[in-house]
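Read from first to last, the chains carry the letters A, B, C and D; within each, the first residue is number 1.
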Amino acid sequence: MLRYTLKRLLSLILSLLVASLVIFAAIEVVPGDPAQYMLGINAQEDTLNALREQLGLNQSVVSRYFSWVAGMVQGDFGVSYTYRTPVRDMVAERLWISLPLALYALALAILVAFPAGILAARKRGSFLDSTVMGVTQLGVAIPNFWFAMLMVLLFAVSLRWFSAGGFPGWDNGFWLAMKALTLPAIALSLQQASILTRVMRSSLLDTLSEDFVRTARAKGLSTGQALWRHALRNAMIPVLTIIGMQFSFLIAGGIVIENVFFLPGLGRLIFQSISQRDLIVVESVVMILVFAVIMVNFAVDLAYAFVDPRLRRRT
Amino acid sequence: MSLLSVENLSLSIHGTPILKDVSLSVEQGQIVGVIGESGSGKSMTAYSVLKLLPNGAEQSGKIHFDGKDLGAASEQNMCALRGNDISMVFQEPMTALNPVKTIGDQVAETILIHTDASRSEARAMAREALDRVELPADKFPLSRYPHELSGGQRQRVVIAMAIALRPKLLIADEPTTALDVTTQEQILKLLKRLVEEDGMGMILVTHDLAVVANLADHLVIMKNGEVVETGGADALFTTMKHPYTRALIAASGHVPARHEHESTEAPLLEVRDLVREYPTPRSGLFGAPGVFRAVKGVNFDIKQGESLGLVGESGCGKSTLTRAILGLEAAQGGSVLIDGAPIIRDGKVDRHVRQKMQVVFQDPYGSFNPRHKVSRLVTEPFFLLDEKPSPAERDAAIAEALESVGLKSEDQDKYIHEFSGGQRQRIAIARALIIKPKLIILDEAVSALDVSIRAQILDLLADLSARFGLTYLFISHDLSVVRAITDRVLVMKDGEFVERGETEAVFTNPQHPYTKALIQATPRLPETDAA
Amino acid sequence: AGGDVTVGLQLEPPHLDPTSAAAGAIDQVLYSNVFEGLTRFGPDGSINPGLAKDWDVSEDGLTYTFHLQEGVTFHDGTTMDAEDVKFSLDRARAEDSANAQKALFADIASVDVVDPATVKVTLSKPNGNFLFNMAWGDAVIVAPESIENIKTNPVGTGAFTFSNWVQGDQITLTKNADYWGEPAKLDSATFKFISDPTAAFAAVMAEDVDAFGGYPAPENLPQFEADPRFNVLIGSTEGETILSTNNAQPPFDNPKVREALAHAIDRQAIIDGAMFGYGTPIGTHFAPHHPDYVDLTGNSAYDPEKAKALLAEAGFADGFTTTLKLPPPSYARRGGEIIAAQLRDVGIETEISNLEWAQWLEQVFRGKDFGLTIISHTEPLDIGIYANPDYYFQYDSAEFQGVMAELNEATDPAKRSELLQKAQTIISDDYVNGYLFQLAQLSVVKANLVGIWENSPTQATDLTAVYWEE
Amino acid sequence: MPTAKLSRAMLFGAFLSLLFISAALLSFVWTPYSVETLDIANKLQKPSAAHWFGTDHFGRDIFSMIMVGARTSIAVALVAVGIGMLLGVPLGLAAAAKRGGLLDEMIMRGNDLVFAFPPLVIAIMITATFGPSATNAIIAIGVFNIPVFARMTRGAAISLWTRDYVLSARVSGKGAARISLEHILPNVANLLIVQGSIQFSVGIIAEAALSYVGLGAQPPIPSWGRMLAESQTMISFAPHLTVFPGMAILLTVLGLNLVGDGLRDYLDPKLRRSKT
């Protein structure tokens, strides 16, 4: 187990290094000058140069790469060109929205998907099953930004149960903040819940047809007991995989939703930073996201071992 | 009154009839063997008793257990019955256990479900049950997971689960088919002992006549969902006369007629000090990766025209040896020579040498690409030829190969799924024959076949060998088959040969204890010669 | 109490130093609220006294003596005096200055402290725009002690102090109790940044914001107008929206082609289609609300037949293909589609590419790699850009450059007026660019919120006089 | 019983998909109105006999735009899936053939890396570098299809490599490349078709999302996502502007998903075996 973990860690570090190179290189080729962006069309050439000097844009590519990576290792992600604040602080602040949002959406997805998937699997072929499958088909097919928009119109503009967007901050009370995240979380989780429901159902159906479930039934367990005690945990592996993949999507993929609800999350930070050519922020945030995704997958891998003792021994 | 009586049981699944008027009964302390070919409805009969039928099944007829009418029993009542009064042991020990729960939990679960026992009491009882199936506490603590056990050991866990509450009736559905002979023998002995100790009734389902012939008190022979004949086990060879029964008996003990052939002195295949190693996971964090020697420097020859058997229990290295001989995996030491030429030269397989041998694998279903027609399948070895045959030559070769294995040349335009298992194995042999190799390696080539089909294939092999002077390396864990078809035999254990010699000599007078154990464990029809 | 107000804005400031970035968003939050200059813009665009309560100009127009308001303190408690003014102006025009509008200070020769309440600014040549220049957000007076952290913690002299910035979301200002002038009526003001137009609509409708300055979706205004909860303010901006044309690139180097272009465009259709009717047609690069504006729209009246004839004359009877590069604002994106369709009618095919600002700056503004583009020039009184032959549309006219040189020297109002009108006519006659419309300032305000500027003489949301009725 | 129901759903899905594909094809030769001609005087008309789906803010016929937009969506998604298959499948086959080798490791880690990048961010970066266009949308979506297909192919191929028929082919002297082509590829084809139809629907949504944020096909070429984006401020007084493109996306994706699911069930050997 330890060796396995260490081996995974090594490949993880390598992945991160490669990722940092890819990100840096990709951003190097993006045309556009942050200084020009900041100073606008009336700026004079000497002003632009002065600013570039200030921002360290005149250094060589190699030295910029190394100082970036070296900084990151020490937890210093540099200072934003436009905001002139440490990227770390900016990210930390945004993370307090993106992360809870992702978790909230994931929790919603799981809360819906597990019961729905289990129920559909148990009552396979029934009206309930068809309904669940039909609804999830729709859930996958609806573009989430469109759905979000419709929700805003209904719940914020017409019914006025929620505010249209924005985030009051955690300081103003947990429930207020949660309320502000509710519509975005629903919008974000619709598709995920649908996918998860389907995976849950089919994975469960697969395990239900396994021999050991039959063994359990022969012991005198009812269908329901066999499902709960034996099938469910075995059905979790594909479900975990999907959850792992979804979590990365949820953290990073909320850009459009963050826009619709004008939430100051990480996704919007990237979007904004790219358009402002605040490249150091883009680099660092993407790097952090990649790191997060890789870590989540790592955690999911470890979770497999938790679910399945066969994986606990070294692989 | 019988413990279990099944009367006129009929069953259909989604409208397809599966069982027709099946009747049988089991008394206390009695072992009833249910025998029949694959697909004859043995398992379905067993499931009907437990009412564990697949979706869409409709059943009619009467099933009485211990005076209760199971047909009228509710699902709830059945749950109370299953595992408590009637238990079942399934065919596949590898998949019958939940991989994510400890064996202790799984055995204890039966007890927890049916009794008021506390957790610790249940665990104590589970321990007892495991002890009874000879899984002692010091070696097999309750905290073991199924993947930490061998197939035979897992099957014991399944049995422990089934007998934990000392049921009145135990249904064992092919409890040993997935196990090797020595393990099979142990399991069968165990079951017999349990019946004797507890006085329970048992249904033993199998397709292997030899397995039950010695064990069962009463036999039920099934074919196509019907019971064709029943009777006491002792009546098998005397009063049982149904043609199907006779055919089963004949096929089980079948010995193909083999013709004498002269073998030259020069060996066709020489295997010298062959070593095959697999890397094993590192031990500990900084430990070097270990190696596992699956084949430990073996030596043997096969002479032209000879049929050499290779026996040994599962995992002893037979297939590994095959792959090394075929040059599919590079050996770590030693050499393989065919007609004096090495199969692997400069790290590459020498196709001219490879042309001289072909192989037939075990699984008649997995041996063919389902997307190709038979003509394409059997001509695949042409790839080895330097000069590709012309279309006419090719057609002739296909026709010849198919006809020589008893198929028609028209069959070449069919797809593989249009053939039965036995036919498929014939096609596999046709494929091996098509480039006229000298040596054919048969790796468990008949193990997956029903007895009657197996008999046909063995006849075919004998016939081909006579006609073409073929040389066989015949690999099997089934000793009776090896005995029937080979001249000489090698006995393998843990990657080494422990005994070798003329087949008859080895079988009648085994020297090595392992060989003795193997032969002893092989189930045999009683009075085979009388048949 | 005066209450609180939440104002929606489309763009968030990148940082909070108005003197070192072009971003109008900084001024929208801070101008006049937190930072003040020597002079300041009034709601109608007039130049009023700011931190300078009055000033004397020497005869030759080279020396300006500013008399500062007394008792003014920065929000950090330090006093604002002549030293601070000198510091601010010198900083802006220094060698390594990062001031985006450095040109505003180009004519300053020296800044001298006469006494704590008096500053003397000497110009190298007369500049009729000097007082106007000093009203810009880029010329506000800053405290030397606060420069270090100005980008995150702006310290000014205004009626509001900066209190909090939740990046990506909002900035909060609170009333400055020690303000030197008329104190603010509101207790606090929050600026919420909502870039998505739909989100803006929802935020206003859900009353998450009390006012939205520079409302981005004109199509929604009729709805707000019909809603008794809201007032819609329609004012003017300094934004001349033009179809910028690359005068150095064939075929646009041919005046006939540019003239054809001008006649091919139906301004009203663009205003209706892109701006839902909001916007004033213009025929030259000048704000219609300016007293010196000349209406030259007739010069480039919509006449596709004439356009075709002109094209044929110029040798493009079969038309030609060019690029149309559009920056993000919706006036450009929507206007671009309409213009593309109109040009297609006279035979000119356009390849539209939608660009981000950074790309636009790189390709169009710096790289001059474009045929046509649509852009609103929002700087006040910026006709001077036509005198720079290196400016991205590359108009090079000796006559125009002469007029501008003369204008810069001139201080006599009548003379200036005449020169400005002449300049307008020259560029209109030369069909330098396609002149479309003056961008309207559209704001939605709660019905009982009073004092929000209707017009936008500079990019500011001056809240100092805003209050809730009742 | 469930099979009968499934195939009915699949037929419905096929009907929907075909509907949009034919609309796309038809749009090459005929649309009710030109989608390039603006008629601002007639803007924002409600659906009527003349304009079945009404007109947009420029007076264009929405029905015609949906037809041409189908073309954009389908083309972008199809080519992106094509890229994913063309590159991903060989990679997956190669990784499986040299299972456990360096190539395999590199391919799999590379895949992980692509998965780790937020898709929209990659799309934004590509457009920031090369400018927005349908081509770049294709690349952005295509890049993400590569690991999807590579992973799936590898997984399926690895299990096929242990089949006896592959061993037989090796005994016949065939090399890894040849075996991959002759034996592995045809046997993963079913899976690829199923996954292909699903990725196709994912591609449609992705194209819509990219166009929605302005990174897809550029005007005047209509695209469903951009139609949604451009009309959303008008949703409260001209809902038909967003309802039709929204429904178009929804129904197409739904149709393709149903087809994919149906195909999966139909081609699933487990289900097929019980039928024959």
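Here, a residue touches a chain if its C-beta (ideal position, glycine included) is under 8 Å from a C-beta of that chain, and two chains touch if they have at least 3 such contacts.
Each chain and its UniProt protein: A, D = ABC transporter permease; B = Dipeptide ABC transporter ATP-binding protein.
Given the structure is predicted, the values throughout are model-derived calculations rather than measurements.
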item: Chain labels contacting chain B and also chain C; value: A, D
item: Interface ranked first by C-beta contact pairs; value: A-C
item: Chain whose Cα centroid lies at the greatest distance from that of chain C; value: B
item: Centre-to-centre distance between chain D (ABC transporter permease) and chain B (centres being mean Cα positions), rounded to whole Å; value: 46
item: Averaged-CA centre spacing for the pair chain D (ABC transporter permease) and chain C, given as whole angstrom; value: 44
item: For chain A (ABC transporter permease) paired with chain D (ABC transporter permease), centre-to-centre distance based on mean C-alpha positions, whole Å; value: 22
item: Cα-centroid distance, chain A (ABC transporter permease) relative to chain C, in whole angstrom; value: 39
item: Per-residue overlap in chain A (ABC transporter permease), given as positions that touch at least 2 other chains; value: 31-32, 125, 149, 153, 157, 259, 274-275
item: Contacts with 2+ other chains: residues of chain C; value: 198, 201, 205, 328, 356, 358-359
item: Residues of chain D (ABC transporter permease) engaged with two or more neighbouring chains; value: 1, 128, 232, 235-236
item: Those chain pairs that satisfy the touch definition; value: A-B, A-C, A-D, B-D, C-D
item: Residues of chain C touching chain A (ABC transporter permease) in the complex; value: 12, 14-15, 20-23, 95-103, 151-152, 166-170, 192-196, 198-199, 201-203, 205-206, 208, 328, 356-359, 361-363, 365-366, 379, 392
item: Of all residues in chain C, those that touch chain D (ABC transporter permease) in their complex; value: 197-198, 201, 205, 217, 219-220, 222-223, 269, 272-273, 328, 333-334, 336-338, 340-342, 344, 352-356, 358-359
item: In the complex, chain A (ABC transporter permease) residues that touch chain C; value: 31-34, 36-44, 46-47, 50-51, 53-54, 82-85, 90, 93-94, 149, 152-153, 156-157, 160, 163-167, 169, 259-265, 268-269, 272, 274-278
item: Chain D (ABC transporter permease) to chain B touching residues, read off their complex; value: 1, 163-165, 167-174, 182-183, 186-187, 276
item: List of chain D (ABC transporter permease) residues in touch with chain C within their complex; value: 36-38, 40, 43, 57-58, 128, 131-133, 214, 218-220, 230, 232-237
